[in-house]
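Heads up, the next two complexes both have subunit A, just with different partners, subunit B and then subunit C.
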Partner chain A sequence: MAIAVAEKRRDSLGSAKVREALVGYAFVILPIAFFFLFFIFPMVYAIYISRYDWGVLGPIDSVGFQNYRDLYHDELFRRALRNILVYTAFVVPAQMALGLLAAVIVNQKIHGRPFFRAAFYFPSLASSAAIVAIFIYLLNADGLVNSILGTNITFFADSDTALPSIMALNVWTTSGTMMLFYLAALQSIPPDVYEAAAIDGSSPWRTFWKITFPLLKPGHFFVLVVSIIGCLKVFDQMYIVSGGTGGPNYSTLTVVLYMYQTAISDLQWGYAATIGVALFAVIFVFTLVQRLLFGRPEIS
Partner chain B sequence: MGSKEGVGNMKNRARRIVLFGAVVASLLVAAVTAAVSQGKTNAQAAPAAQEVSGSIRLAGWTSGGSTEGVLLKQVLAGFAKKYPKIKVTYTALDPYQQNMLAQFAARKPPDVFYVDSNDFPDWAKQGLLEPLGPYIAKYKFSTKPYFPRLLNAFRYKAKLYGFPKGFSPLSMQVNTAMLSRAGVSAPTTWAQLRAVAQRMKAQNIPAGGRPICLQPEWARMLAFIYQNGGSMLNATKTRATVNTPAVRDAVNFYVGLINDGLAGTQQQLGAGWCGEALGKEKAAIIFEGNWVMPFMAEQFPSVNYRVNRMIRNKQAATLSFTVSYSIAKASKNKAAAWTLLTYLTGRQGMATWTSKGLELPSRKDVKLRVPGRTAFIADAAVGRAWQFAPGFSKVMTVANNELTAVIEGKQTVNGMLAKVQEAANEALR
Partner chain C sequence: MGVVPASDAPIGEIPGRSTGYRATKLLVYTLLVALALLYFVPFFWSISTSLKTIPESVQGFDLIPNNPTIDAYREVLTEFNFARYAANSAFMATSVTLLNLFLCSIGGYAFARLRFPGREALFILVLATLMIPDQLRFVPVFQILSDFPHTSWNLDFPPVHYNLIGTYQGFILINAVLATNLFLMRQYFLTIPKDFEEAAKLDGAGYFKTYWRVMLPLAGPALAAVTILTFQGMWNDFFWSLVILQDPDHYSLTVGLSSFIGQYKTLWPQLMAASVISIIPIALLFIAAQRYFIAGVTAAGVKG
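For the complex of A and B:
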């Protein structure tokens, strides 16, 4: 009798577990299906397409790895790759530093904290196209910036200044998002650590570098990954500034812009897919290296 | 049984009436068209009204709210009146290329749509467009009224795939007040252009600007190359002819005007394009198309300017920008599409479409009644379509980037021409 009861309880316990799992799967099945349909499937399909001479109406000819060989010798692709690497090298540290600074500031007990939080985050909400349009006016040869500086620099039309100008405007727009990530990480640091530091008489500067900064490690990793991926696939700002050409003198040609030109203007969809696969490989390698350096990404 | 028979009888009677009506109607239409075509050309050789029916889709980039959109609505209203059995739905697509390509790929393109002459070779090569030859033969449609150079822009491998809906060549616009203040008359040749610009620059006219505005792109510079007897491709479009003395001299002239401070790029003049530089009075001489006129009337009505014929050197030549109406190969109702196509690019449709001079008529039998366009019309005869061969958009990316490098002094003219030549031959292969 007793055994039977115990048996029964275990049974019901097992089935409850199964039911719970089923409910869980039922909740995620739709998002997962979407994810597979719109992310995983296109990615795999792109790899398939990249081995064809593929036109608007479908495959024209199977070309094996010829697209990859062409890409390896493609000067425009190399230039685009160099551009996004330079862009990433400057923008990622800048927006991380700015994001962290803003996060630390708005994490203090200062007056008007909600205002500063909103103000720092606000640029991230505006559409990139609108911001670029405003910057085109600001950086015009007879625009605001030039009249303040008393110069006549054609920022977006000079190959020395075009990319740095876009870097500056993107650091400004995206640092708000980085601030938000850092803010979440900052608030997950237990306050007793700071209390202990205060009792030991640590200076705020020392506290920041010895406690806050190291404890932000998972935050750093997350922000770094997000920031690098965002930088490597930058497109819209360059597209608008150069009118789709990637000029002047190839200085704003990015990999995604080149992929866009190849697909939309040249109608070489197979080759465009190859560019996409190559960009995927670059981003994948970057993320892998970061993971080896920083460990698993975690953010609470 | 009885009731069924009754229905059958009624059906038969109805059919007979419809048939009779159709015969009468077709006779009427035939008589009318015969009468019309007796006096005039057979411009409207579309299939008889009652033969075709159904719903078709029309697509372009003309937005509904614009002045052009209102004109297009008028044209379509005229079509609906003439062909009440064909229902046309117009969609404005933005961005146009992407949207069209997505619809082509989904095998559900609009039946009739715009094709830019620059996109045309790629679209025709990929088999997206319906060849019009069989329809021209079947319906005895005359293509004679179209300017041959514009019509040929929509020929790929000897087959015709569209009729031009209008066009605009590049001509020369001059600020008349500035020219007379400088005591010079409008130039007509390269030598005069340079001399005029030098005299204006010496007198600091226009103040804070440059005498000429030149856009750093091949879609403007190529006109100068043509004037110098140069070209991008040989006549059969099999070989690039970029790296030649005629092209080199033209590029040197064009870039030289900028480097000597006689001309400025639109960016140097703080403008989005040279039309804006003319409006802001930062430049006195520009080389733009018909689109500059509605722009100036709207944005800078107080600036006095005149449209003159394009500058010339060894020969008179310019670039023409044109767009066709074409039919999708995947269209399900090609008879209706053809009817619409021939109405839109026919005499009546084009007369309405070009009535405000926003685009110039591509048919000789449509007269433009809008003033100030005589120079454009005169330049049309020497205009060559902005068009190359499939795969040339990449060549243009290289060409335009190299040109900006040349203007910055980071590339030599010879270096640029070698690169463009190489890219062009790569595309032709």
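For the complex of A and C:
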């Protein structure tokens, strides 16, 4: 009798487990199906396509690694790669510094904290297209910036100033997001650390550099990773400023823009997939180096 | 990092009320106002210019227009078709948001609470894609959509196939489940105490009822974050709408703006009006739900 009851219970426990698992599969099947079809499968498919001469209607000829060899010798690709590396080298430190500055200020006991936080974050809300439109207006030859400087610079139309202008507008746009990440990191620093520093008579300046800044290490690395990845993928601003050409004189050509042109204008889909895979490799190497040097990036 | 509204309490505040206190305070406020101006001024000028006439817009840079007019808005919305673009963007952003709310919450719930073989492996796979640049999907996704669901292979099954390039459906499908949202929902469900589900079980509620009636109402902050992040992301999206929706009737606001810049660069009041139109809905959303916005961005981490 007792055994029978125990067995029955085990049976019902077993079937409850099976039921839970079945329900689990039923619940994840739709999201996972979408995910496989539009994220996982495309990642693999991209590598497959990159080994073909692939027209708009599908594969024409298998070419092995020829696309990769061509890419290695492709002057335009090298130009695009150099552009995004230069862009990253300037934009990442600038938006980190500005984001940190804004976060530290907004984290003080001041009047109107929510207002200032919102003000700094505001440009991050707008679409890249709207931001570029506003900057094209402000930076045009007869625009506000030129009238303040008393100059006549065609910022976006000159190959010396086009990329730096986009850098400036993107630092301005995204530093608000970096501020939010830094704020979260700042708020995870325990207050007693500051109390100890105050007891030692440390000046605010010294406290910041000797205590806050080093304690923000996880925050720095998180922001660094997000910022670098965002920069390497940059596309919208260059496309809109140059009308999709990457001009003047290829000065605003980025890797994603080159990939877009290769596919949509030149209809070389296999080669475009190769560019995508190469971009992935570049980003992957950056991420890997960072992880090896600093461990897993986390905000707090 | 849970999806809770950010606290307003300044935790990391630097003490030191001694000698340099007033000087520091002054410096901080000066910096604040200067920075805030730097961040706001471009918007002031775009609003101002959007209310000017074309002749006035090229004459000078008075912040207050002489004769404010909304003509530029009217023209942009009707003659330049931005009403249509805004409707397109609103439709696509809303559809994608609703799909993500449902699919990511039900998936997130299963990943957080239901035990099934392969759960961890599947979830790690989802997380891994967060590391991969979205644009890597460009070529394959285009191929998949252009002969959906055949993906350029000569298969006989299924017998029907569609070209989804140039359709809203194509754009909506590829964004229907976003990894960040799945991640956000799962993390939030993990923080909800199990007591609620056990109580529901005692009441005889099934799994779906527990998810729908008990867990979803408890996940308000996470659902708010998903709604805001997704709607903003889709409303502001440029890359995918440019790639998939190439004909003017299907343009999103952002692609419409880009095309307007290409054709009528110096119609400044109209250009600024179009920009303001694209910013306003997100700005309103931000004002209404600032806390969830900030908590969501911080929790989602990888953005843009």
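By definition in this document, the second predicted complex is superposed on the first by the 262 of 300 C-alpha atoms of A that agree within 3 Å, B and C clash if a C-alpha of one lies under 4 Å from a C-alpha of the other, contacts with A are read in each partner's own complex, and residues count from 1 in each chain.
Everything that follows uses one rule, which is that a residue touches a chain if its C-beta (ideal position, glycine included) is under 8 Å from a C-beta of that chain, and two chains touch if they have at least 3 such contacts.
Note that the structure is a prediction, hence the values are computed from the model and not measured.
Peer 1: Will subunit C clash with subunit B on subunit A after the two structures are superposed, or do they fit?
Peer 2: They clash.
Peer 1: Examine A:57 and indicate which partner it touches, taking first as subunit B and second as subunit C; both and neither are also allowed.
Peer 2: In the superposed model, A:57 contacts both subunit B and subunit C.
Peer 1: Return first, second, both or neither, reflecting whether A:246 touches subunit B, subunit C, both chains, or no partner chain.
Peer 2: First partner only.
Peer 1: Figure out whether A:121 sits in contact with subunit B (first) or subunit C (second), or with both, or with neither.
Peer 2: Once the two structures are laid over each other on A, A:121 reaches subunit C alone.
Peer 1: Once chain A of both complexes is superposed, is A:283 in touch with subunit B (first), subunit C (second), both, or neither?
Peer 2: A:283 contacts subunit C only, not subunit B.
Peer 1: In the superposed arrangement, which partner chain does A:86 touch: subunit B (first), subunit C (second), both, or neither?
Peer 2: neither
Peer 1: Could you tell me if A:46 is touching subunit B, subunit C, both of them or neither one (first, second, both, neither)?
Peer 2: Second partner only.
Peer 1: Looking at the overlay, does A:142 come into contact with subunit B only (first), subunit C only (second), both, or neither?
Peer 2: It touches subunit B and subunit C both.
Peer 1: Between subunit B and subunit C, which makes contact with more of the residues in subunit A?
Peer 2: Of the two chains, more subunit A residues are contacted by C.
Peer 1: Of the two partner chains, subunit B (first) and subunit C (second), which one does A:168 touch, if any: first, second, both, or neither?
Peer 2: Neither partner.
Peer 1: Go through the superposed model and pick first if A:159 touches only subunit B, second if only subunit C, both, or neither.
Peer 2: A:159 sits against subunit B, while subunit C stays out of touch.
Peer 1: Superposing on chain A puts subunit C and subunit B in one frame; which of 1-9, 37-45, 109-117 or 163-171 is the clashing stretch?
Peer 2: 163-171
Peer 1: Counting contacts the way the document defines them, which residues of subunit A are shared by the two interfaces, the one with subunit B and the one with subunit C?
Peer 2: 56-58, 140, 142, 263-264
Peer 1: Sort out for me which residues of subunit C touch subunit A in the complex.
Peer 2: Going through subunit C, the ones touching subunit A are 1, 6-8, 10-16, 20, 24, 28-29, 31-32, 35-36, 38-40, 42-43, 45-46, 49, 58, 61, 103-104, 106-107, 109-111, 114-117, 119, 122, 125-126, 129, 131-144, 146, 149, 151-152, 173-174, 176-177, 179, 182, 207-208, 211, 232, 235-239, 242-243, 253-255, 257-258, 261-262, 265-266, 268, 271-272, 274-276, 278-279, 282-283, 286, 290, 294, 297-298, 301-304.
Peer 1: Which residues of subunit A touch subunit B in their complex?
Peer 2: Where subunit A meets subunit B, its residues are 55-58, 76, 140-143, 152, 154, 156-159, 245-250, 253, 261-268.
Peer 1: Inside the complex, what are the residues of subunit A that reach subunit C?
Peer 2: The contact residues of subunit A facing subunit C are 17, 20-25, 27-28, 30-32, 34-35, 37-43, 45-46, 49, 56-59, 101-102, 105-110, 113-114, 116-123, 125-130, 132-138, 140, 142, 144, 147, 172, 174, 176-177, 180-181, 183-184, 186-187, 189, 191, 194-195, 197-198, 202-204, 207-208, 212, 222, 226, 229-230, 232-233, 235-236, 239-240, 243, 256, 259-260, 263-264, 269, 272-273, 276-277, 279-280, 283-284, 287, 299-300.
Peer 1: Taking the touch rule as given, give the residues of subunit B at its contact with subunit A in the complex, in rising order.
Peer 2: Counting only subunit B, the residues touching subunit A are 97-98, 101, 104-105, 107, 119, 122-123, 126-128, 216, 265, 267-270, 391, 393-394, 397-398, 400-402, 404-405, 408, 410-411.
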